[in-house]
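Next come two complexes built around subunit A: one with subunit B, the other with subunit C.
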Partner chain A sequence: MTPVQSKIYTDDVSLLMVLIDTNPFFWNSINSTLSFSKFLSNVLAFLNSILLLNQLNQVVVIATGYNSCDYIFDSSASQNHNQRAENLLQKLEDFVQKDESLCRDDSVDGPGFSLLSGSLSMALCYIQKVFRSGPLHPRPRILCLHGSPDGPGQYVAIMNAIFSAQRSMVPIDSCIMGAQHSAFLQQASYITGGVYLKPQHLDGLFQYLSTVFATDLHSRSFLQLPKPVGVDFRASCFCHKNTIDMGYICSVCLSIFCKHHKKCSTCG
Partner chain B sequence: MLRKETNGEERRFDRDEEEDEEENDRGLDAWERTYADERSWESLQEDESGLLRPIDNKTLYHAQYRRRLRTATAARIQKGLIRYLYIVIDLSRAATETDYKPNRMVVVARQVEAFIREFFDQNPLSHIGLLTLKDGVCHCLTELGGSPESHIKALMGKLVCSGDASLQNGLDLVHSLLNQIPSYGHREVLILYSALSTCDPGDIMETIQKCKSSKIRCSVIGLSAELYICKYLCQETGGSYSVSLDEPHLKELVLEHAPPPPAIAEFAIANLIKMGFPQRAAEGVISICSCHKEAKVGGGYTCPRCKARVCELPTECCICGLTLVSSPHLARSYHHLFPITPFDDVAPSVSSDPHKVPKNCFGCQQSLLAPGNLPGHSVACPKCKQHFCLDCDIYIHESLHNCPGCESFRHSKSQ
Partner chain C sequence: MPQVRIVARNFMDMVASLPASKLDKLYDNSFICEAILRSLPPLAKKYVLQLLYIDGPVTAKLLEEWVIPDGVSKHKVAIDRLIQLRVLSETLDRKKEATYRLNPTFQINLQKHILHGGILPREPMPSNVTVRLPSLEDLDAYAVQQWECFLLHLINSAEAEKSTNISSSMMKVFQRCLLSQKDDREPPKLTESGFQFLLMETSAQLWYIIREYISNSEEHGVDTADLIAFLLELSFHVTGEAYNVNTLTDVQRRIIKDLADLGLVKLQQGRKESWFIPTKLATNLSISLADSSSRKQGFVVVETNFRMYAYSTSKLHCEILRLFSRIEYQLPNLIVGSITKESLNKAFESGITSEQIISFLQQNAHPRVAEKIPSVPENVTDQIRLWESDLNRVEMDPAHLYDEFPSRDVFEAACDFAREYGGLLWENSKKMRLVVKPLPPSRNSHHHCAIATTIAQQLQPTWANLAHHKEFPSRSVISLVQLEEYLQVLEFLGHNTAKSVRVDVENSQIWTPAASEQRLRTRTLQRSKIIFRFFTLRSFKMYTALQKIHKDRDAEPTEFEETVAQALFDLENTNQEIKSDLRDLYINSAMQIDVSGSKKAVAIHVPYRLRKSFRKIHPRLVRELEKKFSGKEVVFIATRRILRPPKKGSAIKRPRTRTLTAVHEAMLEDIVYPAEISGKRIRYRLDGSKIMKVFLDPKAKNDTENKLETFAGVYRKLSGKDVVFEFPITEA
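Entry: the complex of A and B
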């Protein structure tokens, strides 16, 4: 490696991990006001603009599917220097087909949740690989383009990923495509210091992405980005699933109850 | 071979005296033998362009990590999650020894600071207090509290050594302080002992029996040499005793105490503890903060019982005494309750079917092949059968606590 490299690695070089939600039940449901193809064209324009901002910027795309997650695109791979969009779309189509073939449920109630914890974990493993590559590396961040509702079974895994991202100082930004807010991603962005946004007009998605999420981490201190609004950190009790202000916690298994019991029903 | 031709005459003297070492004696002094046995310069390699290749320590780190994982069993053992830990730091004359650079006291303070941060990261519901052994008595440096900054500030301000260390006085003070805590908490002491003796006013065996009956788990990390009394103390109370060899080893030993130890059920009575989940106050609201006793704008949390404002969580409300936490603090401890299974080693074999072992690590997409297209080391998750590289294995088990393979497949066994 020529020593000239060290002069080009300025503090605004970024590695952007984009986690795209490809849950077909969400994109075909009434909750989505944007079609998947329009969404993709906005995202592709955004990814190209990121790569234009700095010669050393890097973009990695991971698809969050309904049954599986996989890497779709890595801008540092040599075969992706030309025909980026074609390669990305081809791999994405292969992924969606494979995801559909893995489907075992015949009917699903509502949009169902996609596997966000899987793609977050894969993104964090990739980021650790970048940290290990030496003292000169881009500053990584994660952007979740998510629309599916939160799956309660993923709470523990997503919180583990959030705390690991907080320790590695990797912000998790979120852009919500669906109709309702995502409590998990609100907590993720708050704890890791990222930006949470639910755009009001989804046809202008490219404008939201390029004004809010395109700036690198160093330059964010000079911008007024959307502030977190009312993140609710209250817990829900295990017995009724209501959010509670005050509750009783078992000292052994940390289960939360709204009323005092003689014995914990989880661990006894 | 390192034979010192020039000093042949002096060598004959040594050879007469060290006859028992003749089989090992290649005419070398003891310090030379360490270099002859491990010739670290010979393991340097050059790549194609003549530049030095960094020494591959990966398999070494991985072997160390596997050993650590095996000792800290990942089985579902009940762990003490709500811990009340006192750290007793020895600031006697022995702490001015310079075998640790610059001296033992500074090294211990540095490691304790790192430990406090790691401890609150892994055990957000627990409390730490600091005690010092100086001039034959034990002083209380900080009370049991949940804020890492206040402990670290107090520690760094009071680093002066003098006098003798008294183990009995330390244990007496810990015993009286830990008697006041609620019954569901696990009582622990970590003693960082540099001295080689203890200057006690009475019978230390009685004190040890008192600690044992109060169910206090005492662990000691020695900096000089092994002491019988420390070993006896740890054996009686169920703690662990280790002696550190150098600063990196000390760091490893101290950080071993950060994750919760296996709990003995009778030691802490399972109880339902009342806790509050405050909401964040709206921006721009002016209120008087109960911890700093001054008016503050915005931020802060409101206690659900008495409506007092507190600055940070987790904390105990100063006015009504309710423990205030937020759900992420509870979630930080969940990985102790639901640990992931260790991955299985996959031995690299040349004859293995190329379709069975994938070319890239599932987590980070790094190539699993060693240079030269030979099969390299990898590990596989026993549940989802995905392959990972050694570095991802360490990261997943030490920091992430999620298997990316199990989380990425909806119909895997863990879902």
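Entry: the complex of A and C
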């Protein structure tokens, strides 16, 4: 449902949803340019600067684990300003421990991949809740700080989330900290009109964040931002979750299969 | 260097206009840095953030590369603002290129803020000491109440229920711009800016008051910079938390008291300590510093039938609505009013514009209607604008009329010159007349001066000449004549006789004298012009007293006749009861007749066809006219033609009504109206003289008893015969 345009603040008030990848497999495998604690300090400084820019700015942090996702921090919940950082870190620790203990066997991809689809959906739900409350609401955007490789089992869910973000006009920005490009997030940023960036020098992460990702949606039309380069549009098939170049498509629901099926598993 | 003009329209402009040393001192306080950062335009904020950790200077070219070509203007605005506020300092490096550098204190403070998160200016007090903290709703209600009380007090001291503790000198300061006082006895009335102030949003009003407060702080020995710093600090506190008053300096304590009166904080007293609680008004102070509009709950619903329903209990809202609408009744939670033409005219007279009223209604629209587009029905907004433009129907431009050009060449030259400087309003090449706007005073080109002076010298414009014409009686009084029609009238009458015209600008009348009175001779002026106002009116009226008298065969009314006509005219305009009857009536002539030595009578000849209508209003008219001509009696007589007996050769049959005897008898009847003639006796004396006795009906005896001499005198004058009027003694 498209939100009523006139109800949005006209200037740079923004609601920023930050999705942090907390997959321990990824953070252990990364080389020593960026440790998790350094990453967190960059992110905390970045969040402080966002909240500094405008009194009405809102920041919500969602942690993307490999078994579950959860809200870590919400700036609009009345908290002591002094203890923002402590609260956030405390909650993050609790989450990580819970995540480890969950250990689901029926997870879609396996432990190497984080649940991006889950956190995207949670972010979009929060945004919809904000849209329906109050006479005016800020302009929302989602920032994905991701590092784990793309889990092909989540293709459908992520594409659905991307299309729903496109309809709600919520841009998805992505900052990739892993070694390889992420096809899903490239597509996400391209379709929703966000920014996709893979920083070359990860220890200067704060500068990348403040230069590129701190731009509010209002000013984005005036500033030069990294342009999308060669988006990887390959789909993954619905039955085996392999990325394919050529396949079969159901004429009713457009779901993609690598082998010919008599009956479409999505729509029948 | 800053290219943007500084206009102190909001807080940040005031900060920007502080001298450089004070501004740098302000930046030592980290809250001010934060507040200033928040108030910058979005692009400027981005630049600050990007430059935050860059220590060396950055070339201007690099900054420009960040922007796409479309946003260059915004880029300029942002850079100028940053330089104005001394956040960015511009220097020329060795290569003579402009470079920018962030203000070091500013930079350090912001870096600290980002790394350590926000620090509060002071800690809230522990809750065991602060008992009875008001809830957020109570606090809001308190703030609203204080603010409205303050506003009401500001506007009309008699209306406020509670007296505020703000010293009267402070109130006077606030009232200075908003109220004007004609004299000390009358209560002060709102000026135009006062009305506009009332219709502004709360944040704008708050800012205005704070600005006035700051400008006056110097006189009270409070440093402006300190005051601004404290106010900004206050906006970073948390609403609803109590803060110890002991943590304030003396100066700040004084300020806190004033702020409590305005509703920005609430002071409470505990057993040993006192504390203050900031309300939403204080914490929103820094929001309103930026340009975003904060929407509060609206309360007005306007319907298409011009009725207005305001769901509010506050007196202030009632007063504001009363400014431009008619409040019909007030229920416990609802004010019902309607927008009428009279109420809007009252508002327009006070200086409120229709745009302000419409924007007030739109901003305060009730949430139910606020989502609709438009929130105020279009027919209401259009009608408000139409009614405002109704008042602007007449436009007046000062103008000069040039007449009597000696030759066509001069006329053409004058026209061209006027066209050149864009001042030609009207011209008539046939009659060589010109109406122009006044010459702009800044013209000091010699060429133009020369032309202007030659024209002025060669012209000998007279007062406009009006000849009398049979359809345009002289001594005409024209009010509110459209200029073109006036000048057409002039053309119509031509330049035949040298009469002169007196222009009465205040009453908008132009007088032409009677032909018989040569009082106003032809005037030739050596220098210019008739300066009068160039009226443009929608309707053209030319209804004067001279329409009330109509003499045939182009005789001019005498002075006496003019006075009678004028009396009739005035009577018609003033007296409402006979206004409709008098409208179509006019007279033929009027005579003053001496009756019995001192007394005079006025005999008014009336056209034959109108005699019935005159008879209908006879008593009232006579009464009024006798009042006008005090002491003189008034008689109406119909004009009848008397034809001579036809000569031998002519074949015309002379009607009996046109004979002398018939006319005289009818005249007699006219004279004695409303009394009736019951009988006539002619007594013939022995020497052959005749005495006519006329008996009148005793019914009208009371009215006409004292007029018998008048009747006799009038009849004597008109017919030459002596008559005696009597009332018969015996009546059956």
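Structure notes:
Operating definition for what follows: the second predicted complex is superposed on the first by the 206 of 268 C-alpha atoms of A that agree within 3 Å, B and C clash if a C-alpha of one lies under 4 Å from a C-alpha of the other, contacts with A are read in each partner's own complex, and residues count from 1 in each chain.
In this text, a residue touches a chain if its C-beta (ideal position, glycine included) is under 8 Å from a C-beta of that chain, and two chains touch if they have at least 3 such contacts.
Given the structure is predicted, the values throughout are model-derived calculations rather than measurements.
By the touch criterion defined above, A:157 lies against subunit B but remains apart from subunit C after alignment on the C-alpha atoms of chain A. By the touch criterion defined above, A:230 reaches subunit B but does not reach subunit C. In the superposition on chain A, A:254 makes contact with subunit B only, not with subunit C.
When the two complexes are overlaid on their common chain A, residue A:53 makes contact with subunit C while staying clear of subunit B. In the superposition on chain A, the chain among subunit B and subunit C reaching more residues of subunit A is B. Of the two partner chains, neither subunit B nor subunit C is touched by A:170.
When the two complexes are overlaid on their common chain A, residue A:72 makes contact with neither subunit B nor subunit C. Once the two complexes are overlaid on the shared chain, A:115 sits against subunit B while remaining clear of subunit C. Residue contacts after overlaying the shared chain place A:142 against neither subunit B nor subunit C.
Across the interface of their complex, subunit B is touched by residues 66-71, 74, 102, 104, 115, 117-119, 121-122, 124-126, 128-129, 132, 153-157, 159-164, 167-168, 187, 191, 227, 230-235, 244-254, 256-257, 260-261, 264, 267 of subunit A. Residues 4, 6, 9-13, 44-45, 48-49, 51-56, 78, 81-82, 84-85, 135-136, 206-207, 210-211, 214-216, 218-219, 221-224 of subunit A touch subunit C in their complex.
Across the interface of their complex, subunit A is touched by residues 78, 81-82, 121, 184-185, 263, 268, 270-280, 282-283, 304-305, 322, 326-328, 330-335, 337-338, 361-366, 388, 391-392, 395-396, 399-404, 407-411, 415 of subunit B. In the complex of the two chains, the subunit C residues touching subunit A come out as 34, 37-38, 42-43, 45-46, 49-50, 52-53, 65-68, 70-71, 74-75, 110, 113-115, 117-120, 238, 286-287, 290-293, 295, 367, 370-371, 373.
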